[in-house]
């Protein structure tokens, strides 16, 4: 579904992605973790073309990014992206946030889009917040709207960039619960997160990055119980200690 | 050192602090926790007068807040306050951040203030970052500068409002380590935090708040192993689960 | 014909230089004074006193809402009836300074309001006095936001200074009017006047753009 | 001048002021609409990556901002006829105001657009919207809110600048005052009445801005120190 | 009295309206000159004081006189009765009339042509010409400009107006800046208007003195000399262009 083959990327002189080779199968859930600045966000932002790569191949849903034949705008409709900062449209209600892209991008009739938007919001536990503006919602609620917004496009892939790290501790679990639900329905997912409980529960694979390179990959059991590199061991000890 | 006696506070119609009675002894470390919106921030912001109280008595370091005789500006120099968002002055270097108040408020000679500022920054592990601007520091480093900034005023009391919740997971431990160090030197501390590891390690008491009221207080062992109310039990289960 | 007129215009260049000098003197002095006064008003406006805020707000509204000509007119012709006699240059400076101060006050107040609450609270918590908070923490940060619009406002005020010719000061625009009586090619004359203003204003616009770019570089350019 | 202030004469001239007021009002509205159009086009050009579009917009904006409206008005009114284009003065006046204010408005809108956080833009990109859709659905609606106060400021400037049109024989508010001053030699009466009318327009605009801000759901920023 | 003040001050303060040649203008050297200006200088000389000119633009002129910033107002101004309710005019120092002018090669060469419906006629805002034009050409479209007589010539020359109505001597003086024969000035004089100086009613002594001055210069020929040089011929051009 997603395949990185020797991908490299620079920000000016900074080599942010170093020769990444990695593939994600359909219906697979992959958790990406690693220290700050290691390139996790850059990695998943490349997948829907929010960042462009310098060399190497990146094939998503059978289409090679950067090819002339690849219509990025169309490809993006197949990829849902959930941001750390939610990025809901502040001038639209929850329902409008959720139906905006289906109506204008997918060209679905408004009534139909609203019906499925309502359904999706109800599914993430916000059946009573259709007409609330983002500013009237708690962080956890906003992030759930953001997830519903992606799901309404019925994407083939969902990408999450630290979806819970801007949330209050109490609200983290409500968002994680929704994400677990999505994973269990068989979505292909790549999730940047430090929530190891989530990784243990639904990930088929954990990818550990450091300084722009993939340092270690493995099943959650392997990774948590027996990290192979010093760097991942040090990282895990800091993350899990408190 | 800090004594709340029947303190009440309203924001408009919202009763944020309900009849709070609570006292903190010198050299005691108290951790405050509770769900979002329960009034934790408001509680500790009252102590240094960032919020004013409606009725009840609040006595800090022997002085009653709201009394004409109490000089708030002077009292505040005895109270260090560490914010969730660090609130470093972005236009000043680490060293300037740390020496601003000693020079202008305590009227200490610049050379002397800088010497003790350097010492304090070294103590929080930033001996090589004197001339860095906040934008050049990581979150964890910024928060440590913020703590050093308070310590430079040699306060009698330190207040922390969720000092680690805006940090990357890896950086949390470096800040907690510094806080543990401060606690062990015998500082009177009130800490709003959800880091239960920290509470276990240094707190003499945990205060659980809900909907503006203190619902439960106890030693960390009592509180974590045997929470008395349903509300605190539910809260703990969410916080500790992931 | 054009050549003939240009030649005849050349004779007026001492007059034009004097006009340009007057424009620069008037706007220079009143911009400096207006900036100082405007900052003071801006700080007062955000000092937390509702009374001061609405008093200054009302004054700013009055000045923004009425033609500058009328303000000059009141200062120069009506104040003498209250026993305040001013010469034209002083009256022009006062009127322009007041106008500048009102606009600058709004810009500065907006800058101050844009400084995050947390910054003020941090300063408050470490025991800085109100003046120290302003001086050390708030104003330096407000400046970042205020500087580009401030410089932009200067350009507008320089152009507004032409209204002072109503009270007998011969500024650049007035020179244009005088010359056009003799060389009736308004197009040519006012093109030259326009160039005069351009020479004064354009460096300021460039400066404003530079400041703006430096600030947005710090914030990271938005890609649309 | 004030001790003989004659309200009677003002009343006598009131119909004239009424006409002037109405003229200024509609002149300003039409010019402002034009200025918005000019501003939007200029701003759109200025935001393009292509230098070919960007450069003319930049040069135009700078040239307009650095020169006085009077010179621009002169160019349009007396300059265009030399090139064989004779336009009615009303049209020239509105054109001059729109072209002049448009340059300022372009900068205001640009600032508003650039103030939209990167995350908003990326959210639009990520959900597969085209450039035009992002602009229309995400960026502009949010930018509008930020630009209301500076747009109000510009509208006020435009209303006052429209006084300059009396120079090219467009009868507006300032002219009514000047007539009172030149027919009857009553400058105080003339100019103070004019000022009062402008103040009415100012407060009208201001409440319109407050109203539209509320309509768009912008919360006022509280002051604090 | 005002005359005492002037003597004490040693200075006569004159507000001028720089409407253009021949009455008041700034010449190429930047010096203020013209028929009215020279008369005012003569006045100061007779008073034995020096003269300062205050050059207001149109909006500031009347306020300057009324507020006492200036002692008198020197311009080519018609003393209408309405205006005389506010300021005190001297005796007329000359008579002129409004004339109609048009571009030489246009179809508006005669009065009748100008009377046609929809003719665009340029006048100066608030000037006598404005009123006269409205009476003479009831069907025409009157356009009032602000900013001085030369602007009218410019407007007619550029085709923004078909013809203009202004003080005949002003038109004659101002057309000098154009190539000879650019404009046709029609022989009909629409109205006979006096031109006078103005001062305030609380300056009766100055008013009396100025009237006496005008009588004197009329008698000893100095006024005629001034008018012959500035108004009735184009002699001034060779000295001042």
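First chain written, first letter: the chains are A, B, C, D and E, and each begins at residue 1.
One rule holds in what follows: a residue touches a chain if its C-beta (ideal position, glycine included) is under 8 Å from a C-beta of that chain, and two chains touch if they have at least 3 such contacts.
Owing to the predicted nature of the structure, the values given are computational and were not obtained by experimental measurement.
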Query = So which chains count as neighbours of both subunit B and subunit C?
reply = none
Remark   = Heading the list of chain pairs by contact pairs is C-D
Key: Rounded Å distance, subunit D centre to subunit E centre (Cα mean)   = 36
Remark   = Expressed in whole Å, how far the mean CA point of subunit A lies from that of subunit D is 46
Query = What whole-Å value do you get for the distance between subunit A and subunit E if each is reduced to the mean of its CA atoms?
reply = 81
Request  = Scan subunit E for residues touching two or more other chains and write them down.
outcome  = 59, 63, 66-67, 147, 154
Message = Could you pull out the residues of subunit D that touch at least 2 other chains?
response = 1, 78, 82, 117, 187-188, 191
Query = Between which chains does touch occur?
reply = A-B, A-D, B-C, C-D, C-E, D-E
Residue ranges of subunit A touching subunit D (in the complex, touch as defined) = 48-50, 73-77, 79-81, 83, 85, 87-91, 100-101, 104-105, 133, 149-150, 153
Message = Under the definition above, what is the set of subunit C residues touching subunit D in their complex?
response = 45-48, 53, 61-62, 64-70, 73, 77-78, 81, 109, 112-113, 117, 120, 130, 133-134, 138, 152, 155-156, 159, 162, 173, 176, 186-187, 190-191, 193-195, 197-198, 201-202, 205, 216, 220, 222-224
Message = So in the complex, the part of subunit D that touches subunit A is made up of which residues?
response = 117, 119-120, 122-123, 125-130, 133, 137-138, 141-142, 145, 216-217
Key: subunit A to subunit B touching residues, read off their complex   = 35-36, 138, 165, 168-173, 176, 194-198, 235, 238-239, 241-242
Residue numbers on subunit D that touch subunit E, as the complex places them = 1, 77-78, 81-82, 86, 89, 166-169, 171, 175, 178-179, 181-188, 191
